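What follows are several structures.
Shared chain: chain A. Partners: chain B in the first complex, chain C in the second.
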Partner chain A sequence: MSNRRQLITYLFLILLGIIMIYPLLFLFSASFKSNEEIFSSISLLPKELASVTFEAFRNGWQGVGKYGFSTFFTNSFLITVPVVIVTIISSSCVAYGFARFKFPYKKLLFTLMISTIMLPSTIIMIPSYILFKNFGWLNTYMPFWIPALLGSDAYFIFMFLQFFRSIPRELDESAIIDGCNRLKIFTKIILPLSKPAIISAGIFKFIWTWNSFVEPLIYINSVSKYTVALGLKMSIDTQGGEVMWNEMMAMSCLAIIPPAIIFFVAQKYFVEGISTSGLKG
Partner chain B sequence: MKKVISIVLVLSLIITLFVGCSKDETPAEQNNAESKSEATKPEDKQEEITLRYMWWGSDSRHEATLAAIEKYEELNPHIKIEPEFSGWDGYYQKLVTQLAGGTAADIMQVDQPWLGDLLKNESTFADLSSVDTTNFDSNFLNQYCIFNDQLVGVPMGINGLTMIINTTFFNEVGIDYNALTDWESIVEAGKEINSQYADKYILYDTGMLFDTYLNQVTGNQLVKDDLSLGFTEEEVLKAFQFVDTIYENKVVQPKEESALFKTTENPSWIDNNMGMTMQWPSMINSLDSDNKELEVISIPQLEAAKASGVVVRPSMLISVNGKGSYIEESAKFIDWLVNSDEGILTLKAVRGVPASAYAQDLLVENDLLNPLQQKGVSMALENPRDKVNFYSSNAEVSAVKKEIIDKVALDISSPEEAAAEMITRIQQVVDEIKN
Partner chain C sequence: MKIKASRYEKKDYIGYLFLLPWIIGFLLFKFYPFLMSFYYSFTDFNMINPPELIGLKNFIKIFTTDADFYQSLKVTLIYTTFSVPVKLIFALFIAMVLSMKLKGINIFRTIYYLPSILGGSVAVSILWKFLFMRQGLVNKILSYLTIGPIDFLGDPDVALYTISMLSVWQFGSSMVLFLAALKNVPGELYEAAAVDGAGKLRTFFKITIPMITPIILFNLIMQTINTLQTFTSALVITNGGPVKSTYLYGMMLYEEAFQFMNMGYASALSWILFIIIIGLTAAIFKFSSYWTFYEDGGDF
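Right, the complex of A and B next:
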């Protein structure tokens, strides 16, 4: 009875797995098909197996004119890597402040910070666009780096805060007895214990920044500064002209590789709990 | 651990410094070139100029335009043109944001129907009278490109509605498409074809049938210039009855299926299961594929039609930012693009059939223009309807109209209900525009 039940469960899971992963496989296989075939068949295998080449990858990588995907990938990393690093630094600092310090209007400030989580990003788009324009930051990567540096992600602050709260204050106190100051407590006790939180924040921020489309679209003008997301959109013109969908698909395949790698490498820490590791010593 | 943390902290410090330093440089890269020109003036006789040129398109258009820019830069060493190209989606939003924020490019590609909204602010676009337009049809320019005596954009191409025929389909079903000059014969032939082949439809409804039919019935704008409705309930009922007929009799693919696809991506069209579609000649290259032969014929007419329903318009305009610093230089570049042999031959037909007669001939001579495109455009120009005014192409009017047409196509409304709804709801939108 239990065997049979297990079998059914597995079958169900396998079926669900196939359904979930099918679009991804289709994306990959479509990069070997012709335009007509992409839209007229749902088969994973291209019609003419003999003529399968990696041409779509080669041509797609070259992009248009002077700018190819090597430029776009570099740009994406140029935005994403600093953003991830400074987000972790700024968010954890702010969270440490809220978690361990007493200061006037703490409650009010905390409420304000939390309320920004509820604010849809579309609402602040126009004011921030005007602000960045007045700073002369348009067509640069400042609009991505600076807000991250200033801890604008209330979500991550909240995440770190919850994490820090679960670290016993006794550890702080014993560190003070050992002669640590506030900064040392933060860097030597709190942060090392918060590895899972740091890594989750890093993964999330990486994937979000990597995939973001609207912000680069409105802040970046020059094609030489385009990110991968914009580069992919560059040639899609549904009004006229032929769109090389297979090249688009090929480049999309490459575009999901960095976030996928980050996720799989860091996923061990991602799910790791704190409670045990925090009290080991 | 200590090392890692200190490295991270130092890094963040460096980034902050870097951020602080580069602040001063960035504005120069924007379009305010005052500081730049001041710096270079003493040495150079001709100041260095950077023009920003923004357009949308697909690969072929990008490549040809980049090549043209390169040539122009060679001829004019003091001018640098910064290309800003992208796909169609999101282009309008970006353009509007930039115009509102005062960060728009010097040279912009715009779509003609946008002008109504864009020209509400004065001096959005500079007057381009300095561009030589002797080879352009002056009537055409007057209708579409000149507002308040100012040439706000130079047409890069001409488009006119035609029927694009998939001859492979008609050979297969054994019907002569040349006889299909009126709507009734199309409906009859469509019925016959669909009764023989269940998955074949004679007509591909890309959403333009209704407007064309209604225009032939009324001979009027959808919304007249004086903001009164250009149709009576009786007239619009006729158009909705037509929509109802073609969907009811499977003359077109059921809405449930066709709504999923944009024009060129519909598998039914690709697999030769659709015979003809009302389209712009500029779409011919993307509607074409290895497995079919295309042909163009003129748009089917109604018996006693009051107008032809054939829309002719610029496929796109090229305009110059009225608030830009280099209006004169931008106009010179445009002049070179549309009038010089070199410019025309490098740009080819990537923006559709060129609007200038001289450019058309030059391209055909050099075998750079698809003859079907030229044929389609000249056919449309034979008997065009009045220019579609801004009220009729207003985004809200179009949205309401599309919703009601869909209701009829999906059999949610009867043609009578749709006609009544159309009258009240378009009237509402018009009232809002009035206020």
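Right, the complex of A and C next:
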């Protein structure tokens, strides 16, 4: 490629990159500005260093009612961390079943499993709500934990399945000769070799669960159990005439920090993960 | 009988044990709700009284007297037919640029992908609301260029497109899939085309596009299904307004079900959406047989 064309390509990529990332950088910088300054300047840097303020964080963190963002963050972690762990366990286990065993109706079960990826969530939303209500699970985190434990996200089963297919069967066979049973093969051989798949499933599930809004909105109704997403929505709704935008920006900024950190730490796996199975977004 | 016994060695039934979590989960949280939503759609279920069968009344009401239904359906179809193609064309274009061998290309990949991670969240919806307000940042920038101000969120003709742009901004995951697909196109094909003297445009339409059609199809279907159901951004940014110009179908469904507790009616609404989704997916598939190409000859 000629130098000139290369230069034009870089210029284009940088310009687009700025457009892509500018809103997020602005979110970050606005968190340190006063409510007046947010509106008065488009600059990412504050007017002078002395005008940098942490007030928006302090005030925003208090929330608007009895419960503040320390509660909401704790709740979000309380939902997300167990969900990530049980999703990895259940979906790898099911994927192992599909990958290494022959049994009647396997093809039918596999087709059903894959078709649930395409099943719109809106169609089962209402009966699921009623089911959880009958179980007495409303306003608890069970509607998040239990379906995850029972392999509700077929994406991840599929993701693990694709990965297990790349692990040579000879390893299994030699382990059988050494006297391993199937469970042992799974836990001692397959899983340790599947770190990339485990990590990418874990980060996907973390970010999706962390960002999820509709499910908490439906299943959780007391403010003390609100997640960060619900807390944010409540804060912006209850601010009447004048919205304290700097506080909203500060809390939004904090809300995206956990998924952003995970993304940057694990982005190598992330991009790999989405190109082998990635469906969402 | 004998053949069957040898095909399934006895120990392989253990496979069911590994599948057990999913089988229970499928029956309880997918299959049962699926059947029940069909049943509820023919009832007057409102969470107070036990559901009572009322035949087609919900559907008749939806189609004959519910103006919100037509409005939200219209809004949703515009939203989907705008944001999905724009997003995919953009994703493919950027993927083509990023597949060039340039130094530091991974940095751009990361930057372009980041909005996809955060984009569906309430936090980013709040940011979007701020950026596109009347006094917001975008109008501020436009004023330097002596344009505007544009009432991005208050003008019924514009608001839906403002929200669509949030969805387009998250083109990253489609882009990554396109990147993977582009990598798999055999280089010899391009060499052969170059030898034959094919131009850039011709190579693109005769080689690149045909070779990645399965991924185009996959992206198109998944994005369509997801987009038809979303409403978080519209709920946070405009709450369906102004004058219901961003009243997405998912939002109407949510309100009917969980604010007015019209579970039967909302189930009927969800089945209409489901049928639309199936219809569109089938149409995309059918249409795709004219333009998709599989190296192994097909059988998707």
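Everything that follows uses one rule, which is that the second predicted complex is superposed on the first by the 241 of 281 C-alpha atoms of A that agree within 3 Å, B and C clash if a C-alpha of one lies under 4 Å from a C-alpha of the other, contacts with A are read in each partner's own complex, and residues count from 1 in each chain.
Convention: contacts are C-beta pairs under 8 Å (C-beta built on N, C-alpha and C of every residue); 3 or more make two chains touch, one makes a residue touch a chain.
Being a predicted model, the structure only gives us computed values, none of them experimental.
Novice: Give one word, clash or fit, describing how chain B and chain C relate on chain A after superposing.
Specialist: Superposition check on chain A flags a clash between chain B and chain C.
Novice: Based on the superposed arrangement, let me know which partner A:K233 touches: chain B (first), chain C (second), both, or neither?
Specialist: Both: A:K233 reaches chain B and chain C.
Novice: Which of the two partners, first being chain B and second being chain C, lies in contact with A:N35: first, second, both, or neither?
Specialist: Touch partner of A:N35: chain B, not chain C.
Novice: Which chain, chain B or chain C, is in touch with more residues of chain A?
Specialist: C
Novice: So in the superposed three-chain picture, is A:V81 touching just chain B, just chain C, both, or none of them (first/second/both/neither)?
Specialist: A:V81 sits against neither chain B nor chain C.
Novice: Just to be sure I read the superposition right, which of the two partners does A:L45 touch: chain B = first, chain C = second, or both, or neither?
Specialist: neither
Novice: With both complexes overlaid on chain A, does A:L11 touch chain B (first), chain C (second), both or neither?
Specialist: neither
Novice: Who does A:G136 touch here: chain B (first), chain C (second), both, or neither?
Specialist: After superposition on chain A, A:G136 lies in contact with chain B alone.
Novice: Which partner chains sit in contact with A:I218 here, chain B, chain C, both or neither? Use first/second/both/neither.
Specialist: Both chain B and chain C are touched by A:I218.
Novice: So, A:G65: does it touch chain B (first), chain C (second), both, or neither?
Specialist: First partner only, chain B.
Novice: Is A:F263 in contact with chain B, with chain C, with both, or with neither (first, second, both, neither)?
Specialist: second
Novice: With chain C in view, single out which of the stretches 260-268, 278-286 or 386-394 of chain B clashes with it after superposition.
Specialist: Stretch clashing with the third chain: 260-268.
Novice: By the touch definition above, which chain A residues appear in both interfaces, chain B in one complex and chain C in the other?
Specialist: Dual-contact residues (chain A): 39, 129-130, 149, 217-218, 230, 233, 236.
Novice: If we count contacts the way the header does, which residues on chain A are in touch with chain B in the complex?
Specialist: Touching chain B: residues 35-36, 39-40, 64-66, 82, 85-86, 89, 129-130, 133, 135-140, 142, 145-146, 149, 187-188, 191-192, 217-218, 221-223, 230, 233-244 of chain A.
Novice: Give the list of chain B residues in touch with chain A in this complex.
Specialist: These residues of chain B touch chain A: 1-2, 5, 8-9, 11-12, 15-16, 19, 22-23, 26-27, 29-30, 52, 54, 56-63, 66, 82-90, 94, 97-98, 101-103, 105, 261-267, 270-271, 280, 282-283, 285-286, 289-291, 315, 350, 352.
Novice: Considering the complex alone, what residue numbers of chain A touch chain C?
Specialist: It is residues 1, 6, 9-10, 12-13, 16-17, 20-21, 23-24, 26-27, 30, 38-39, 42, 90, 93-94, 96-98, 100-104, 106, 109, 112-113, 116, 118-131, 147, 149-152, 157, 182, 186, 207, 210-211, 213-214, 217-218, 228-230, 232-233, 236, 245, 248-249, 251-253, 255-256, 259-260, 263-264, 267, 270-271, 274-276, 278-281 of chain A that touch chain C.
Novice: Of all residues in chain C, which touch chain A in the complex?
Specialist: 7-9, 11-19, 21-26, 28-30, 32-34, 36-37, 40, 47, 94, 97-98, 100, 102, 108-124, 126-131, 135, 137, 140-141, 169-170, 172-174, 176-177, 179-180, 221-222, 225-226, 228-229, 231-232, 236, 250, 253-254, 257-258, 263, 266-267, 270-271, 273-274, 277, 281
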